[in-house]
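Okay, so here's the structure we're looking at.
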Amino acid sequence: MKLQLSTWPEIESYLERSRCIVVPIGSTEQHGPTGMIGTDALCPEIVADGMAEQRELLIGPTLSVGMAQHHLAFPGSISLRPSTLIRVVVDVVESLAGHGFEQIFFLNGHGGNIATVQAAFAEFWARSSFARRDSGLNLQLHNWFQGRRVGRLSRELFGDDEGSHATPSEISLVLSAYAEAARTVALQPERPPSGPIRDARDFRRRHPDGRMGARSELASVEHGRRICEAAVADALDALG
Amino acid sequence: MKLQLSTWPEIESYLERSRCIVVPIGSTEQHGPTGMIGTDALCPEIVADGMAEQRELLIGPTLSVGMAQHHLAFPGSISLRPSTLIRVVVDVVESLAGHGFEQIFFLNGHGGNIATVQAAFAEFWARSSFARRDSGLNLQLHNWFQGRRVGRLSRELFGDDEGSHATPSEISLVLSAYAEAARTVALQPERPPSGPIRDARDFRRRHPDGRMGARSELASVEHGRRICEAAVADALDALG
Amino acid sequence: MKLQLSTWPEIESYLERSRCIVVPIGSTEQHGPTGMIGTDALCPEIVADGMAEQRELLIGPTLSVGMAQHHLAFPGSISLRPSTLIRVVVDVVESLAGHGFEQIFFLNGHGGNIATVQAAFAEFWARSSFARRDSGLNLQLHNWFQGRRVGRLSRELFGDDEGSHATPSEISLVLSAYAEAARTVALQPERPPSGPIRDARDFRRRHPDGRMGARSELASVEHGRRICEAAVADALDALG
Amino acid sequence: MKLQLSTWPEIESYLERSRCIVVPIGSTEQHGPTGMIGTDALCPEIVADGMAEQRELLIGPTLSVGMAQHHLAFPGSISLRPSTLIRVVVDVVESLAGHGFEQIFFLNGHGGNIATVQAAFAEFWARSSFARRDSGLNLQLHNWFQGRRVGRLSRELFGDDEGSHATPSEISLVLSAYAEAARTVALQPERPPSGPIRDARDFRRRHPDGRMGARSELASVEHGRRICEAAVADALDALG
Amino acid sequence: MKLQLSTWPEIESYLERSRCIVVPIGSTEQHGPTGMIGTDALCPEIVADGMAEQRELLIGPTLSVGMAQHHLAFPGSISLRPSTLIRVVVDVVESLAGHGFEQIFFLNGHGGNIATVQAAFAEFWARSSFARRDSGLNLQLHNWFQGRRVGRLSRELFGDDEGSHATPSEISLVLSAYAEAARTVALQPERPPSGPIRDARDFRRRHPDGRMGARSELASVEHGRRICEAAVADALDALG
Amino acid sequence: MKLQLSTWPEIESYLERSRCIVVPIGSTEQHGPTGMIGTDALCPEIVADGMAEQRELLIGPTLSVGMAQHHLAFPGSISLRPSTLIRVVVDVVESLAGHGFEQIFFLNGHGGNIATVQAAFAEFWARSSFARRDSGLNLQLHNWFQGRRVGRLSRELFGDDEGSHATPSEISLVLSAYAEAARTVALQPERPPSGPIRDARDFRRRHPDGRMGARSELASVEHGRRICEAAVADALDALG
């Protein structure tokens, strides 16, 4: 059940049955020469769809632009400052809490969002904590790529070639839903370097084609289907 | 050409041909008993797709959550504060400007965004103006529902029943692309009241089912197709 | 009745009779070679004075500095950022609401303020809307230059020579109250260009002497008197 | 020479002769049963006018709303938060600095503004200091009521009856320019208490009629003329 | 070498030899019935002292107040909002970067700071990334309690009794330097519950005496000495 | 009694006896060729310790980084922006107020903090004032160097050589507690210039070695002991 494709009376009814909503959150950033710029937003959307097939769940709108400052030296990347994203998450949470949602499950597709979204949760809870009242809210951040099943599967499929950005796992997951996302580009070097994340120009110097330790070309539709299945199961577990 | 479904080298190439990007911006808010909560985000997405069919154009990610504070008394509505949305728009613009985009065309589906997005443009330009340097940026806000052709067509199709929120025009436009959005609900009164927009509880008292002066049930797929055609033509005109 | 020239017990009494206050808001910005930099603040002050002559009304202090980032390339212009002006308006509204004012009528003299002041209203209302409580506030923005009577009169007096900045209407209105504001300067070209508003340097390139489409020299004291009369009537209508 | 009643080419000429501008800054707040709510804004305006009579000086628009949170329990008082006023001052300074002004002399009429305006100056200078560049700006805050001559004169005229809010000095100064500001109200107690300044309700409990240690009724037009003369001389000294 | 106990010419000399500074960052929050409220600030100070004994290193002032919103229901806890702490870290980093420091090593004592400090780093880097320039800065966050040696040792010493707040490890570390910090209080239950971290009242309900899964009473001076040694070695490794 | 070296149940007990806390606040900034960079933070810590010896008092954590933008041209100086420090003080005050503290006594060691901390108090009180409720809080700022006894003693000991930055008084006070802070450096000129405080580069040009009008070398341990005694007595008086 998608919030965007529901009416308000339908949400009113839903709230009588459940106080939970899943909000996909991603990023709009380069994913190497073969990965889609929307990868990190598309992946949690795909996983959320899978979750909703298995359980009655409300899926909110995808927050497609995240914290991607380190990718800004690659054309097409868009970033919010952390201080902006904190405000976005706080406003979204406050909107939903006002309707009676008690569990807001951010299904995240981007490592760069993690710290900022957690800081946003604390920013929200701090209001209650300073005011000495209950928030009544269970805010969760689940990173689909860090679930137990997904971890095991990506190690099985890609081993050390998984890397940490533009990974064959996330690209496979996109391929499983978007046929048009397939690209064939020769990648050099085969296994690009890893390294620390700092500012955007430093990032591009360290990772000239955008990949971090990942052999993106190992991605496939078939792998994507298995990863999706694992990610859905992980996310449903985390949801509780 | 969608940014989310492109790679960064493809955007690098695009920038050699064009400096323009279309960014759909909408809202997540109640649209009466029959309208989708995502209406205002879906409409500019649909129009942007139509534009891209007629001209080579890059379409950015949809900013699905807008300024909808007055709808917060209806379940499912999500809003950013104006001060938050200003920061979002500024960060998005600054990200794109850094890549060399010179024309950023916000294709807007929500009246409540207009003032805030214009203020955001001024906030961005003010940086250059205070610093006494050129911004080099053409920022445009185009409201698909205010184009010349759309206005003429909606008057022809719906006359005074168009209203100003949950309009048959916008609902038709959604229907033209989302079959699953059709709802059959008896609406009372037939033509709901109009009125000023203030806070959310005031809004709900004035507009108990969420509609403002609109007979939403006049919407149809066929109307939606004609409206889409008009909106695409209007938007391409505005783009220049 | 002017707030600045009243005592607090007098305001306490006024509040027993009325819950309404008029707040003139303007800008400090170039108005071409013959227009006063204070034009946009002086005009609503003049109109507010006229309103107070016809009806018992409390007039607040003029907010003389507005959002004028696009004029900063002309000496003497002063601007607040939109994000600053939003905070100013919110603090002023919150101060007045706390005293029991229920209708705050911003009488505006500057087109560049419109979007930001409307965003500020939404920022204020959003507090109530997020908190699920009533604001009880009627915030109005009335642009004296967009009233029905003023529009008809300026078309009659100046036709297409009215333009949109440093207009003969606004300069006439200032002249009607400030004899010392008369300037005789040869203006070239007679009818300057119109165009989009972006950053300050772009603005100055498009409008080298500051005027937008306006033949400022058509202004006169006599026209100003008639415009004032029309503006007062329009504003009283809008006040309701 | 008033900025509001000048054209931009006139300011351009002025800047060839001088890099100095005087900006009156005040407050809109209760001044006891006989003092005008605008006292703190009117006083620096009156003094600035006197300064401009004696020396060629540009006078900017009056910032009439200041930091008056502690007066908000009295009807008619309007306050900006300190964080808002800091932004206002920074934006005004940045606007003026961009035109080439090098000495910005804030002529202040309100004790409650002092800390915040000084913090605003530091906020502005911090930009240069963090960026390791020169600001080139001399920002001055002069409180007309703390000048040497004014202090001597108010002690001579009023001694311990001067107090610290709604003082006979400031009320006299207003009377010297605004005949309509005279009020005759019996004041009890004759000499009200002094005390610390905290929040607004605490303030009203300590100072039930708004006066702090001041016998406002000692004010007179004649005293106001002498105080004005002293204040103008003090301010011109401080200007250097 | 401590910044607080150095002169500026000494820092000028140091910068000719090294571009690195260690900044201890902690929190002021309850640590159960026996742990000091300053534990999280004292621990990184102690470790930093140990580092400076082994290598020439500049130690900055301790940032003693961190992000501890979830502890605010226990008397004495002090917290910054995440949005405040981000600004603090950014200002500190910008101050140091301006002097030529290139490696700023935040030695952290509090799990609750991690997300916010990482978000602050991204906020700082984002400035360079948006402006398309190099930051030249290596910002590191090292959590002394997560080093390899410390982890091994605490497992050896305390096993599952380590828990995650008011741990015997951190309390031991404080004891190793502050004899006056020893407290003997009977703790019930012996091993308190773990659980998610949300707002402050929720936290106190879950953890009535403040401990999370930790048997604080296992702490001792002797354990503290060994932990300090391990933590110093871990931190020097991380420093590189 | 130090907050950092107490447990939460001890603070709970303290709050039954007293509602007062002393919070030392300082700065991290150059203090000339012989003064410690931590002088302004160490001094209030030393004075607070002296206070706690004479009366049962809770001493909070030292806020060591203050508003020192004008010192940033000297290596090692660290500053918060005024807008940042305001937020820090507000969050600290709000944390403490929530526990029931009613008197928060900021014991300040740095002139540059004064305006900003006062603005922060007003920012905090403004929340109550706008909301029309009591804050119940007594916030005090006491500058140890401006007490009556300290002023008399420093005039006696140093006369005009006291100056205003890197003063022999503050350096003596540090020496009284930190033997390792003694430095012997030839200072030229003997009595450096005084002057206005603007941005950091301006400051360094006016005060090449960092001292303002102060003969720092007159400091001694013995003077420091007497100054400490005076400062403690002044502070206890101010505390009431």
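The first chain written gets the first letter, and so on, giving A, B, C, D, E and F; residue counts start at 1 in each chain.
In this text, contacts are C-beta pairs under 8 Å (C-beta built on N, C-alpha and C of every residue); 3 or more make two chains touch, one makes a residue touch a chain.
In this text the structure is predicted, and so the values were computed from the model without any measurement.
Novice: State which chains count as neighbours of chain A and simultaneously of chain F.
Specialist: The common neighbours are C, E.
Novice: From the centre of chain C, which other chain's Cα mean sits the farthest off?
Specialist: Of all chains, E has its centre farthest from that of chain C.
Novice: Please identify which of B-D, A-B or A-F repeats the interface of E-F; the criterion is that more than half of the contact pairs agree.
Specialist: A-B
Novice: Tell me which chain's centre, taken as the mean of its C-alpha atoms, is farthest from chain D.
Specialist: The chain lying farthest from chain D is A.
Novice: Rounded to a whole Å, what is the gap between the Cα centroids of chain D and chain F?
Specialist: Whole-Å distance between the two chain centres: 29.
Novice: Just how far, in Å, is the C-alpha centre of chain F from the one of chain C?
Specialist: 46
Novice: Express in whole angstrom the distance between the two chain centres, defined as the mean CA positions of chain B and chain F.
Specialist: Distance between chain centres, rounded to whole Å: 54 Å.
Novice: Which residues does chain A have that touch at least 2 chains other than itself?
Specialist: Chain A, residues with two or more chain partners: 72, 79, 81, 83, 91, 95, 98, 130, 132.
Novice: Mapping chain-to-chain touches, which pattern fits: line, ring, star, complete or other?
Specialist: other
Novice: Okay, what are all the chain pairs that touch?
Specialist: Final set of chain pairs in contact is A-B, A-C, A-E, A-F, B-C, B-D, B-E, C-D, C-F, D-E, D-F, E-F.
Novice: Would you pull the chain F residues touching chain C in the complex into a rising list?
Specialist: 130-132
Novice: Going by the contact rule set out above, which residues of chain A touch chain B in the complex?
Specialist: Residues 2-9, 11-12, 15, 28, 30-38, 41-42, 60-65, 72, 74-81, 83-84, 87-88, 91-92, 95-96, 98-100, 178, 180-181, 183, 185, 210 of chain A touch chain B in their complex.
Novice: Mind pulling up the chain D residues that touch chain F in the complex?
Specialist: Checking each residue of chain D against chain F gives 67, 69-70, 72-73, 79, 81-83, 86, 112, 114-116, 118-120, 122-123, 125-126, 128-130, 132-135, 137-139, 196, 198-202.
Novice: Flag every residue of chain B that touches chain E in the complex, lowest number first.
Specialist: Residues in contact with chain E: 91, 94-95, 98.
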